[in-house]
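Lettered A, B, C, D and E in written order, each chain numbered from 1.
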């Protein structure tokens, strides 16, 4: 079992073991064709402890977080929440701060709302 | 002082693994009044019971405490054991050291300490137990079956066969239930009507059976062996005794636009109608919601055409009160509503149907005369998609039912097979999560659908159905194939979960029969007493207790009937001796107890008492009918003087338990 | 009023309409009136009084008196008539053996109220119109009737006679006085303060049973506290717990049956405000289950002997805030 | 005679309490009662306490013996604590006289050791009455409220407290206190002559006519409205009946005695029932005891001290005075 | 604080035979843990619970008392729990009025199917009482073990 399994459960707040493997998430997913792993596979991989594999995949970023799977899942497993947790796990794995306050001035630009950068800092820094 | 024996059960390792049973027996041996204490591996086994019996005789025990599993499990067993050994069965108390101790605690010293305290409480109670003798009450030898589906029909027939009169109360105008709407039955594919309608006729012709159709139970009073039930027979505006069922009225009625519930609204009927040709009783019924005569006093066509003069627009609801010894609940099921499942476009497209609607579309007596046609345009469908588990096996709450509806896998296989058989040019896809086929010849049946009839079984689920250009765009997953499927279907069939009939909940309240959170009736014991409700005299038949297919329903119906026959064949019943008992010397006659008694078990008499100095005082005092009292104890608390006490759970006994626990 | 009451009593006995009449009897000092059973008109004319000190509620005596031979006459003030109805509702009084004469009342005086004014050594009281002339060992003083009013009469709930065969004076109406102000004041305290309040009050209790024995609702054939088989029998509070126990159980046993006649507080030798326990329950029942007045009618069901499916859960009671 | 400035009364209490526990009549939750003196605790302004001073020697509840139960073993424990010397101040003449009556019961052989110990270890400081209540009738029983007795008699006159020791125990106490010498001025006794009940005669219910009193038809009338509560008994300084009861503590039994009342229906309940089945018999018992039986056994001494508590506290204002008067009406 | 951590409250749970006792059985069957401080007394129906029993428990050393019965409407005896509800509501209010800690008493409806709810309720109640500390306001000192 991966060291990450519990982290994913903790972050997502869902229990992947509730999944009954019906595949309705995958059936409902609009981004299916662009994915390396599909919603039911996210769930299965977390359940079976193949989290590192999932974390290594660029596929996790193709989820649009449209929540169709969350809406339709008969068991309240919420694959979208799980994949978001995996993404956060990736950030944590990178260790240290992915972004530091001194980088902010360089990132500021006229078009981008300042708020977005502050949010990014919160999300991508460990201390936050 | 009682002479108490304590028997500590290991329950194999169930208790012994977390409770030091030897230490418990030793600790309890020191309690005042305990003259014998021992432990044994399985107290409920024959050897264990023999051990108890021998100890009663050898040590002259007057009370027995058994530290074991829940009293709900084996209280009766141990009472019988003691009775055999010559001890009054009510001198037994159980300390529940399994469910309430060993199974919920991990730390052995903690669990052992608690087991000792629970044992002590039981000992304290036994000290105050008094031998109780059960009284008897007579049995009314007539049964009531609520629900006239296949479950109710089978139960009624079996009870009537044994010679006891039975009434069937059916809320619809005809008996027959859901089975009348089914086309063929799995796994034999014989026609449902062909096997059901003869039974319906049997019922109607059986002298012992009285069908009270178009009626509902309104009030239930009394107790096992002595129920008094009030039934509201709704006005059908047709005199049942005169109507010949010729059907002329149903042809002449000008109101043609009434949705036909028998065909699930897929076609229409008249305001006066006979649900279907084989209806029992075959009597017309006027639907007051649509009849212009009843609504506005204009029309009267049916009365004019009825040669028998059976039409009676002035008919009123009739209240029938009858006495019964036993009541069988056979209220059955209904498919859940599909309004929560937008993704399947049930509301948007008439071509998305439930399986029961498909039954009607394939039935020769159905709206299409048995030819499978799309409801939207009446064309022949070429691609059909079946979706399993719609609303079943969900997380509960808003999503749907948490349980498996049990029958869908098999009827879907049946539908797929029948369609492929009759229309070989169709493609049939079945999306499943699991295919569950535990039953005789069930898996073989499913395999035939796949292997012989070429039904496409796909492990996966339909995520979305979109009506587009006369087609239904089905987006689904194929988990084993690792792909997302897009199918252009002509029809989509939803295997809707089934739930108990809506009338079950209020009925359960009237019957004081318990229900689970899904509104299925609870059985007295899930394994050992599956057709009895925990409320004595109430029996369960069919899907009201849980999802069942026809053979299971019939089997359970027969089992319920045999239980009823067993009850009705007795002339008298032994009453629960744990009833309320007033102490007349303390009774104020204030009627507080009478006010709270749910059974009307309390009455008052004026009774002479010896007063001070050789005087006689007439006082109003309470009397409890032990046959009617069920022993709830409401009166004991309502009584301000404490004159009312409950045998077996007396104030002193409960306080002794409290003392033992808190000390 | 006194003359009419005495005349009525004498007439009931003289005419043979009643074999006995329950009324009030004069004492040593005018204020120490004793309930009494009169059997002759002569005795009535000599000893009977109806003064501002006739607070005692006679209805409880009817439990025994109505079971004796012959009809018993009784004088009932409006508040007493609630107890009279309630006891009939509980089948304790045989109504057919009672001739009830209602007496209108403008509030009763209480010797304790006079003492609270600092008067000591009260040897006699003269009542005129709206004032009392109090003679004491240490001089004379005139007191307005209102100042001498007994505690319960200050929050009189009704001047209406709820059941009587005949009425002396005019029929009155239910009054809208604030009976629950003191309860609300206690409710507003912190739990610690309430605990301290009740401890200090109940620790005075000497378990004389005066509250219980005077209470028309506490008319059990055998009280649980006297019953060796009840498991709670006790004669004295051997521990502070037992001081609480007696009063909690008593309040609970009379819940929904207590007519708020106030006799318990009136008779308590230790001046424990026992009515505040009963009123709390009355206030709660009114708030939770709808207005109910025990003894106001013959048909309504007492709140503790009925229910609705919509009753609030016990969790509605929140700490220190009462019903939320 | 000793003297102490009234304004420094607290200092006197302090000086006594420094040596022995001191009890004084004070207001607790608004009601006068004897309580252990603590700094700042003032004397009640009421004439007398609700419960009488007998509570100090014969408390309402008193533990007698304890049984410790462990499994099937029972151990008997004697909980009788060593009584320490104590002082009670402010006992009125009536209550002081009641001690004589209680003594004649509790100290008669076999002596009640619990009572005896408390009596022996208590120094009683009485307090003369100057402002009686209308319900007082001690004078009619030969008690001088201005000569209250006890171990030390005290008077409050003007701005001073005067103290006089009557017994060696009293002398010992006074000698330990830094008191001044002083002579008490003559008090105004006129109020005692105005007492409405001063002429009450309770001494004429002698033994000779015991049965006549017993069978008097008045009892029925008098007891008719009695509620059967124990108020009169529990406020009475001379009532001395008690019940012995067991309390199961869960690990043993605590045997205690508590005041009982002959007005209660279960008083002296026996296996066959009660020998006083109605309130008439119970009511009669209480007053016969005070007025007839007790004097018969104690040389004419009436079992009442005229404190008037029952007159003030009876819920229905029935009391010994009304009884005596009613019985007197038909006297020969 | 340290005292509190060692404090093991005594909890008496009155359970109706038909729903809550069965619910407690179910939580046992499902091995759902709750502290051993909880001792269950079986009564036929929640309406059997006399307020006297609750006071008795406090007298004898209980720190918390909970009544569990069928959900309103589900009473095996049809109406018992409705009476119990009124009685307990008033009793709790009276106790609160007298300054007794409100959290020491509770009513919870637990069906025979709610083993998990039973265990969760008991865990929560024990937790509440542990935080609240020992019952001091309704104790009888004579019943304290030496």
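Here, a residue touches a chain if its C-beta (ideal position, glycine included) is under 8 Å from a C-beta of that chain, and two chains touch if they have at least 3 such contacts.
If you're wondering where the values come from, they're calculated on a predicted model, not measured in any experiment.
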item	value
Leftover contact groups, counting everything except subunit C	one piece
Neighbouring chains common to subunit B and subunit D, by label	C, E
Dominant chain pairing [most C-beta pairs in contact]	B-E
Chain occupying the most central position, where position means C-alpha average	E
Reference subunit A; chain at largest CA-centroid distance	D
Averaged-CA centre spacing for the pair subunit E and subunit D, given as whole angstrom	46
Whole-Å gap separating subunit C and subunit D, where each centre is the average of the chain's CA atoms	30
Subunit A-subunit D separation of Cα centroids, rounded to whole Å	85
Where subunit A touches two or more other chains, by residue	none
Set of subunit E residues in contact with two or more other chains	51-52, 56, 60-61, 73, 79, 83, 87, 142-143, 145
Sequence positions of subunit C contacting 2 or more other chains	224, 231, 238, 304
Listing of all chain pairs that touch each other, if any do	A-B, B-C, B-D, B-E, C-D, C-E, D-E
In the complex with subunit C, residue positions of subunit E that touch it	51-52, 55-56, 58-59, 72-73, 79, 82-83, 85-103, 105-107, 137-142
Touching residues on subunit B, where the partner in the complex is subunit A	343, 389, 393-395, 399-400, 431, 433-434, 459-464, 475-479, 482, 484-485
Subunit E-facing residues of subunit D, complex	247, 249-251, 254
In the complex with subunit B, residue positions of subunit D that touch it	69, 71-72, 248, 250-251, 277-278
List of subunit C residues in touch with subunit B within their complex	67, 90-92, 219-224, 227, 229-231, 253-254, 257, 301-302, 304-306
